[in-house]
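Two complexes follow with subunit A in common, the first pairing it with subunit B and the second with subunit C.
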Partner chain A sequence: MAQFLQFAFTRAVMALVTLLTVSLIVFTLMELVPGTCAERYLAFKNTQGSQISIDDIKAEEKRLGLDRPFLIRWGSWVGNVFFKGEFGDSCILRLNINQLLADKFWISLGICLAALFLSYLIAVPIGIVSASSNSPVTNNTLRFVSYLGLALPNFLLALIIMLFSTVVFGDSLTGLFSKEFRDAAWSWAKFQDFLSRAWLPIFILGWSATAFALQTVRALMLDEIGKLYVTAAAARGVSGSSLLWRYPARHALGPVINSLGFDLNRIFNELPIVALILTLTEAGALLIEALARSNDQQLAGAIIFLLTASIVALNFVTDILLALLDPRVRRGLMG
Partner chain B sequence: MTGKNVTPPRDDPDRAPVQQPEHLDAYGVHGAEGTAPAPGMTTAIAAEGGGGVFGWLRRKKQAGVDEKAKEAYFTASQGQLIWARFKSNRSAMIALWALVVMVLMGLFAPFLSPYNPTIAGRDANYENGAPQIPKFWDENGFSIRPFIYATERERSIKTNFRWVMTENRDKRLYLQFFVKDWRYSFVEIDWDLPGSWLDVDLKLLTFDRHLFGVEGGKIHLFGTDASGKDIFGRTLHAIWTSLAVGTLGVMIAFILALIIGGVSGYYGGWIDGLLQMITDAIRTVPPIPLFMALAAFMPDHWSSETRFFFISIILGFIGWPTLARRIRTHLLTERSQEYVLAAELCGASSSHIIRRHLLPSFTSYIIVDLMISFPYMVRSETALSFIGLGLKDPVNSLGALMQNVSQADVLLNYQWYFIPVLFFIALVLAFVFVGDGLRDASDPYSGTKK
Partner chain C sequence: MKKFLLSGVALFALTTVANANCPAVTVADMSGVAAGKYPQQFELSEFQDAANCTLEFAENPAIGDLNGQIKGNPDLPPLAERLPEEPLVVAPYASIGKYGGTLDALSNATEAGTSDFLSTRHVNLVRYSDDLATIVPNVARDWSWNEDFTELTFFLRKGHKWSDGQPFTSADVKFWYDNLALDSNVIEKPKDYVLVGGERMQIETPDETTVIFKLPAPKPGLLAHFATHYGQGFQPKHFLGQFHPDINADADSHAQSMGFENGYAAIKAYYGNSDWTDTPTPMLNSPDLLDKLPANTMPTLESHIVIRDTTEGRHYVANPYFHMVDTQGNQLPYISEQDEIYANDQQVRLLKLVNGEADYKTQSLQLSDAPLLLENQEKGDYTIHLKPKIAMHAVSFNVTSEDMEKRKVFGDLRFRKAMSIAINREELNQVAYFGEGKIQQYIGFSPAPDFVDEKWKTFATEYDADGAKSLLDEVGVVDGDGDGFRDLPNGQPLVLNLQFATQGIAGQVVELIGQYWSDVGIKTTVKEVTPDEYRSAQSSNQLDVGLWEKGQPLGIILGNNELWVPPFENYFAHRTGMLWAEWVDSNGEKGVEPPDYVKQLIADINAFQSTPVGTPESDKLGARMVENMVSNLLFIGTALTPDPIYHRNALKNFVEFKTASYEYYRTYPYRAHQWYLDE
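Up next is the complex of A and B:
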C-alpha cells in the first residue's frame, strides 16, 4: 500500500510538472500572437467612434499588467488559473472567460470522450479478433476499412453526411441544438435534443479514432500473441476466445489504456474542423474563432490549457488504474 | 547486429501466408546463423512467388540445388531480405506502384498539365466547366484520333441573360501530343524571404512542351473551377506541393527526433527525465490548435512561398515526439549491450556511439516510421489549409483545393471539384499501405504505435 501511495504521489507530481510546462508553452504561444490585449481592446473601442492615442494604449497596458516581465505575467496567469480557477477576460469579447466557456467546454469534452469510448468499444474486439485471425480476406478488409478511416479526412466525411442528409431527410443536421432549445437552460428535454444531434460529431470523430485504435490494438496483439506464455497456456489446454482474452489481450491492452490521454488529444485535434463544418457551438468552434479569426489570445490560451489539463488528468487516472491492476507498472516507475 | 537476430521465428498468422510449409524446414535453422535474417522472414520468403532476387533461387531449388538456395539466403543482405518479403505482400506492392505513379505525376506536373494552374492559365470561356473526356466516335462517325467538342458561351434573351455554355457537336477539337504552351522550369527557386540577402531567383531546365493539348481550344480533363483554372493541372501541382511540405516537415521532425531521442535514450537518468517531461508536454498539446496559434502569428503579407516554408517548419517542430520516444525506448534497452561497452572501452565518444552503433541498429524501424508519419504530415497540411490557415489559393495544395469542396453550391452542382480529394485519399492510402508492408517485412520489434 505504501508503495502504491508513493507511486500515486510521484505520478501526481509528474502530472503537475507536465501541466506547468504545458502552461508555459501555451502562454508563450499566446504572447507570440502579434498585438497585445490592450491594443486589441482599444481597437475595438475605436470602431465604436472613440479616438485612441498611444497614451491610452500605455494606460490600458498598465491596467492589464502587460508592462511587467514575461515570467511574472506567466506566474500570475498560472496562479490565477490554479488557485482561483480564473482565466481572466477575453480580449475581444470583453466577457469573463469562465462564463463564456462553462457549458461549451464540458460539451466539447463530452463529445470527445464519447468518441473515444466509441472508438475503443469497436476497436478492441475487432482488433483482437483480427490479430488472431488467419483469413487474409478478413485481415485485408479490416485493414482497408481502418486505413480509409485515416485517409478520408473528417471534414470530408462530415460534408458527405451533411450532403446526404440534406438530400434525403431535408435536414442538414448541423448545430448542436434545435432552435427552441438554443438558449434554454439545461433540462431533460434539452439534453435529449442535444443527444439527437451530438451523435453526428461523435460518429465523425470516432470514425478516424477507431481506425487509429484498431491499428494500435492489432499491432499490440500481434506482438503478444506469439509469446511463450501464450503457447504455454495453449499447451495447458486453454483455447478459443478464453485463450485470447485471458492471456495476450490483458497484456496488449495495457499500453492502450496508458495512451488514452493522447488519443483524447488526437480526437480533440479534429474537433475544430468538424465544428467548422457542422457549425457547432462548442469550445472547438470558439477556439477556431479565437485563433483564426479574431486573434483572441486569452480565450485561445484558456481553451488549450483546459484541454491539456483534461488530457493530463486522464493520463494520471489511467496510470493509477493501471498501477492498481498491474504491479509491474508500479515497479517500472519506481525503478 | 542486435539481439533481434536470435529471436526464434514467430508463427505469425497475419504476416506469414504459409503457402508452402515444406520450405520452412529448409530454412528453419536460421536463428543460429550470424548473417541474421529477422524473425518471421523465412516464412515470407518461402511464400514468395517468382522473379527478383529469390525467383531464380526458387527455380534452382526446384531443380534440386538446395544448397545454393540456402547459401543465397544466408548471404543475402538485410535489404534484400526485406525487399523479398515486401514483394510477397500484394497490397503493399500495388500501393507502391500507385505511390510511384503519383510521385512521378507530381514531379512532371508542369509537363503533364496542358495549362498553367495559376490564374494566368485560366480559361475565361469555360468557368465551372465539366470534365471533358476525349472520345473516339460519335454520331458523326469514328475517328482514330480522340477528340472533344468545342464549347460556345452565349448570353442573349433566349438564355434569360445568363451565360450558358453549349457544346457544338459538329465542331471537333482533336487531341494533340507534345504541344507548345506556357513556359515552365523544373528547377525554379524564387525565394523572397525576409531579408534581401536571402532572396534567390533561379530558373533551370525551362521548357514549354506539354504532353497533350487540343488544337484551337482547351481541354480540361477534370473540369475547371469558378475562375476557369484547370483542375487537372491544379491537382497534379497540388500533389507535389503537399508532398514537398510533408517531406520537409518529416525531415525536420526526423532530425529532431534522432537528436532528442538519441540523447535521452543514451544518457538516461535525469537528462532522460527532463527531456521526457518536455516531450510529454509537447505531446499533450493538441497539434491543430498549436498550428492555429502559430499560424495566427504568421503575418498576412507573407508570400505563399514563405508561408509554405513556415508551415513545413511548424509541422516538423511538432511532429517529432512520437519517433523520439520510440528511439529513446529502443536505446534504453540497447545501450547496455556488450558492443556498446566495447565501443566505450575503445574510447569512442558518446555521439559516435549513438550515431555509428546505436541508431544503425534501428534503421529499418526508423525508415518504416518515416513512411508512416508521412501521411500524417500531408493530412495536417490539408487540415490546416482547409481551415484557411495554411497555404492559400495561389498555391496549389491538396488542402487548398479541398477547401473549395466545402461550399454547398459546389456539392450540389460541380461535383468534379471532388476529384482532387480522390487523389488525396489515394495518396494517403498508398503511403499507409507501403508503410505497413515495410513494417511487416522488416519489423523485428513491436509494431506499437506508441
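Up next is the complex of A and C:
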C-alpha cells in the first residue's frame, strides 16, 4: 500500500511539473503574438473620440504589469491560475475569461470525452473480434472503414454532412442549442436539446478516433494472439470468446488505456476546426478565433492551459488505474 | 356574463387587425387620403383631418407577456396611456401587418457587424425618408431652423414615454448633451458632431416638449447628422441621471450599493464607453451584479429592447411604449421579438442565409457572395436585391508607421501613386465585381457633387505596371538582395502584411490587389482577421496597409467632419495617419505634424460646414478639399460596386432599398418598424 501511495504521489508531482512547464511554454507563445494586451485595451478608447498615444500605451502597460520581467509576469499569471483559478480579462472582448469560458470549456471537454468513449466502445470489441477472425470479408470491410476514417479529414466529413443535411432537410445542423435554449439556464430540457445537436460533433470526432483505436487494438491483439500462453490456454480446453477475453485481450488493452490522454489530445486538436464549421459555441471555436483571427493572447493562453491540464489529469488517472490493475506498472516505474 | 362577452369582443378586436373607421392607408394605396406634410407618415391630428375619421388604437395581444420579460418594468397601463398624445401615424408600404413572430438576424460578434440589425429598431430625432433626400420627423414631432442656421428647434411629442413608462421630455435631450456627450468622464473627447467648428452648442428647454440647439456658428448639416447617426440625441435622465454626480448628489453611494465602483462605472455599464448604441449591457459586462440592479438594460425609445445578452447573441422584445401606430391605429412594431446570433465566419453566414435562417441581412455581404445567394433564392424562399453602395473598397498606407523607414516610403506620394497604378482595376472589376463595378478613384464625396472636377474621378486609376516599377525605383524601393522582391531603401526586406476583415472588404479583392503588387515586386501576405482585431491593430498604429470601404455623401459630411480630419474617420472605419491625429488632438504637443495639405483640409472642412451648400464659396471649398484629398492619394479607390441585400419572402412590407449602405443608417429610411412576418 505504501508503495502504491508513493507511486501516486510521485505521479502527482510529475503531473504538476508537467503542467508548470506547459504553462511556461503557453505563456511564452502568448508573448510571441504581435501587439500587447495594453494596445488592444486602449484601442477601444478610440470610440470616445480621442486618439491613443504612445504614452497612453506605456501607461496601460504599466497598469497591466506588462513592463515587468518575463519570468515575474509568468509567475503571477500562473499563480493566479493555480491559487485563484483566475485567468484575467480577454484583450479583445474585454470580458472576464472565467465568465467568458464558464460552461463552454466543460461542454468542449464533454464532447471530447464522449467522442473518446464512443470510439473505444466501438473499437475495442470490434478490434478484438476482427483480430481473431479469419473471414476475409469481415477483415476487408473493417479495414476499408477504418482507412476511410483515417483518411477522411474531420472538417470534410462535417462539411459533407452539413451539405447533405442542407440539401435534404433544409437544416444546416449548426450550433449547439436551438434558439429557445441558447440563453436559457441549464435544465433537463436544455440538456436534451444539447444532446440532440451534440451527437453530430461527437460522431464526427469519434469517427476518426474510432478508426485509429480500431487499428491499434487489432494490431496489439494480433501480437498477443499467437503467443505461447494463449496456445497453452487453448490446450487446457479454454476456447471461443472466453479464451479471447481472458488472455490476449487483457494484455492488449493495457497500452490502449495508457494512451487515453494521447487520444483525448488528438480529439481536442480536431475540435476547433469541426467547431468552426458547425458554429459550435464552445471553447474550441473560441480558441481558433482567439489564435487565428483576433490575436487574443490572454484567451488563447487560458484555453490551451485548461486543455493541457485536462490531458495531464487524464494521464494521471489512467496511470493510477493501470497501477491498480497491474502491479508490474508501479514496480517498473519505481525500479 | 356581460363582462365576459365584452372582454371576448375586446379580445376579438385586438387579435384581428383593428378595423377602425379610418381607411387603411398604405404607401401603395392612399385610399384617397392626401399626403401630409411629410411623405408616408402623418401626425395624428393631421391624419384624422385628412381622412376625416377618428383613429382607434389597438395593441399586440402578446404585449403583456413581452413586457413581463423586461426586468424592472411595471405592469402595463392601457395602450392609450402608453402612446404619446400625438403618436406618429405611419403608412405601411403594402398592407396593414399582423402581430407576432421573431425577426432572426446574423451579426459577426458583439459590437462587430451589428449596425445593420441595430438599424431595424433604431430611432433618432429625425430620419431620411426612403428617397434619401427628404428629412422627416421621427422621435421629434417637427423642427424648425432660424434663418442663418444658428438655431435648431425640435418639437417633441407630448406624453411620449421611455420603454419603462417614464416620461420622455426635453430634459432628456439636454441631459444627453450636457451630461454625457460633453462629460469627459463619459466620453473623453467630444465628437465633432456635437460641436460646431470645435465649439459647444447651448441647449435650451423652454418647456417639456421644446428643445433649442443654439449654435455658435451656422451648421446646416446638424439636422442631417441626427437623421443618419447611431448616436441618439437623447438619453434617459431619470435612469442614467441617478448615477450621474451632476444630477444626483448621492450618485456614487447609490452606485456603490449595487456593487459598482462609482456612479460613472454604473453609467459605463449601462451606456457603454461611447455613444455607439449597441455596447454590451450589464447582462454581458457585469452579470454578477444583475441581482442588485434596477434593470438589466437602460430604457430606450427604440422599437425593441434587449432582454438577453451573451457572447453568442442577443434577444429583444417589442417596446410596449413605442410611439408609432399604423393608419388603422395598431401600435408598432408588428414583430414581437428579435433574435440575433453571432457567426463570425463568412461561409457559415452564407450557409445560414441560403437555408433561410435569417430574415434580413446586408452588412458584411459582398458582391462576391451574390452568385451563391442568387442561385438559391427559390429554394431558400428569400429574395436578393443588388443595390449600389455609397462607400467603395479602398486601400491606404500607414503614413505615420512606427518603422521610420516604412514611414518615409509610405509617406512618399510617388510610392502611393505607384501602388495605385499597379492595380489592374479593369481586371479586378471583371474578376471580383463580375464587371458590375464602375472604376473610380476615392474622392471623399460619394456620390460626387457637381463641384468635383471629372479629372479627379480617374486620377491614377489607369493600369501601368511599368510606370509603377519606375516610380518604385525612383523612391529607392529596389531589389537589393536579389530575391526577386523589392526591399526598403535601407536594404531591409519590405513585406506588406494585408490584414483585412470581410466586414470591410471582400477577400478576393484583397488577394487580387496583393497579387498586383507582387507583380511589380512588392511582397505581400494576406490574412483574414476579425473586425475587432483589425480595428485594434489600426488604433495602435500597427497596420501597414488599411483595407476597408470608404466614402460618404455630401449631406453627412456637412454634419460630420471626420472624413477630412486625421485619422480621416472613426474607430469603426478606415483610418490612416494615427500619429497626425495625435498631433491634431494634442494641439501639436504630441504625435507627428501633418503636412500642409492636411492642415488645409481641416481648415476647409470646418469652413465648408458653416457655408450654405450650393453657393460659389461652398463649391470652391469643396473643390479644394477634393483636390487635396485625391492628388495626395491618402486613400486609393477601386470601383463603385453594388452589394446584395437579403430578405426572406415571409418578411412583408419590405421595400427595395435605394442603396446597400451604412451612410443613411442602413434600414432606417425604409422603416423596419412596419415590417411583419407572414408565415
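Assume the second predicted complex is superposed on the first by the 332 of 335 C-alpha atoms of A that agree within 3 Å, B and C clash if a C-alpha of one lies under 4 Å from a C-alpha of the other, contacts with A are read in each partner's own complex, and residues count from 1 in each chain.
By our rule, contacts are C-beta pairs under 8 Å (C-beta built on N, C-alpha and C of every residue); 3 or more make two chains touch, one makes a residue touch a chain.
Everything numeric here is computed off the predicted structure, so don't read it as measured data.
A.B. asks: Could you look at A:277 and tell me whether it touches subunit B, subunit C, both or neither (first, second, both, neither)?
C.D. replies: Both subunit B and subunit C are touched by A:277.
A.B. asks: So in the superposed three-chain picture, is A:216 touching just subunit B, just subunit C, both, or none of them (first/second/both/neither)?
C.D. replies: first
A.B. asks: Considering only touches as defined above, state whether A:133 meets subunit B (first), subunit C (second), both or neither.
C.D. replies: A:133: touches subunit B, not subunit C.
A.B. asks: Between subunit B and subunit C, point out the one touching more subunit A residues.
C.D. replies: Looking at subunit A, the partner in contact with more of its residues is B.
A.B. asks: Scan A:262 for contacts with subunit B and subunit C and give back first, second, both or neither.
C.D. replies: first
A.B. asks: Per the contact definition in the header, classify A:300: touching subunit B only (first), subunit C only (second), both, or neither.
C.D. replies: first
A.B. asks: Tell me which partner A:320 touches in the superposition: subunit B (first), subunit C (second), both or neither.
C.D. replies: It touches nothing on subunit B or subunit C.
A.B. asks: Let me test your reading of the model: by the given contact rule, A:32 touches which partner, first (subunit B), second (subunit C), both or neither?
C.D. replies: In the superposition, A:32 touches subunit B alone.
A.B. asks: So subunit A touches subunit B in one structure and subunit C in the other; where do those two contact lists coincide?
C.D. replies: The overlap between the subunit B and subunit C interfaces on subunit A comprises residues 34, 276-277, 295.
A.B. asks: Of all residues in subunit C, which touch subunit A in the complex?
C.D. replies: Touch list, subunit C to subunit A: 104, 110, 187-191, 273-274, 276, 280, 284-285, 287-288, 308, 310-313, 315, 339, 341, 343-345, 348, 351-352, 354-357, 528-530, 532-533, 535-540, 542, 567, 570-572, 578, 581-582, 585-586, 590-591.
A.B. asks: Applying the document's contact rule, which stretches of subunit B touch subunit A when the two form their complex?
C.D. replies: 10-15, 17, 91, 277-278, 280-290, 292-297, 299, 375, 379, 382-383, 386-389, 402, 405-406, 411-412, 421, 424-425, 428-429, 432-433, 436, 446-450
A.B. asks: Taking the complex as given, what residues does subunit A use to touch subunit B?
C.D. replies: Subunit A residues touching subunit B: 14, 17-18, 21-22, 25-26, 29-30, 32-34, 131-134, 136, 139-140, 143, 147-148, 150-153, 155-156, 159, 163, 212, 215-216, 219-220, 222-223, 225-226, 255, 258-259, 261-262, 265-266, 268-270, 272-273, 276-277, 287-288, 291-292, 295, 300, 303-304, 307-308, 311-312, 315.
A.B. asks: For subunit A, which residues count as touching subunit C in their complex?
C.D. replies: Checking each residue of subunit A against subunit C gives 34-35, 39-40, 42-55, 57, 92-93, 95, 99-100, 162, 166, 170-172, 174-175, 179, 182-183, 276-277, 279, 281, 289, 293-296.
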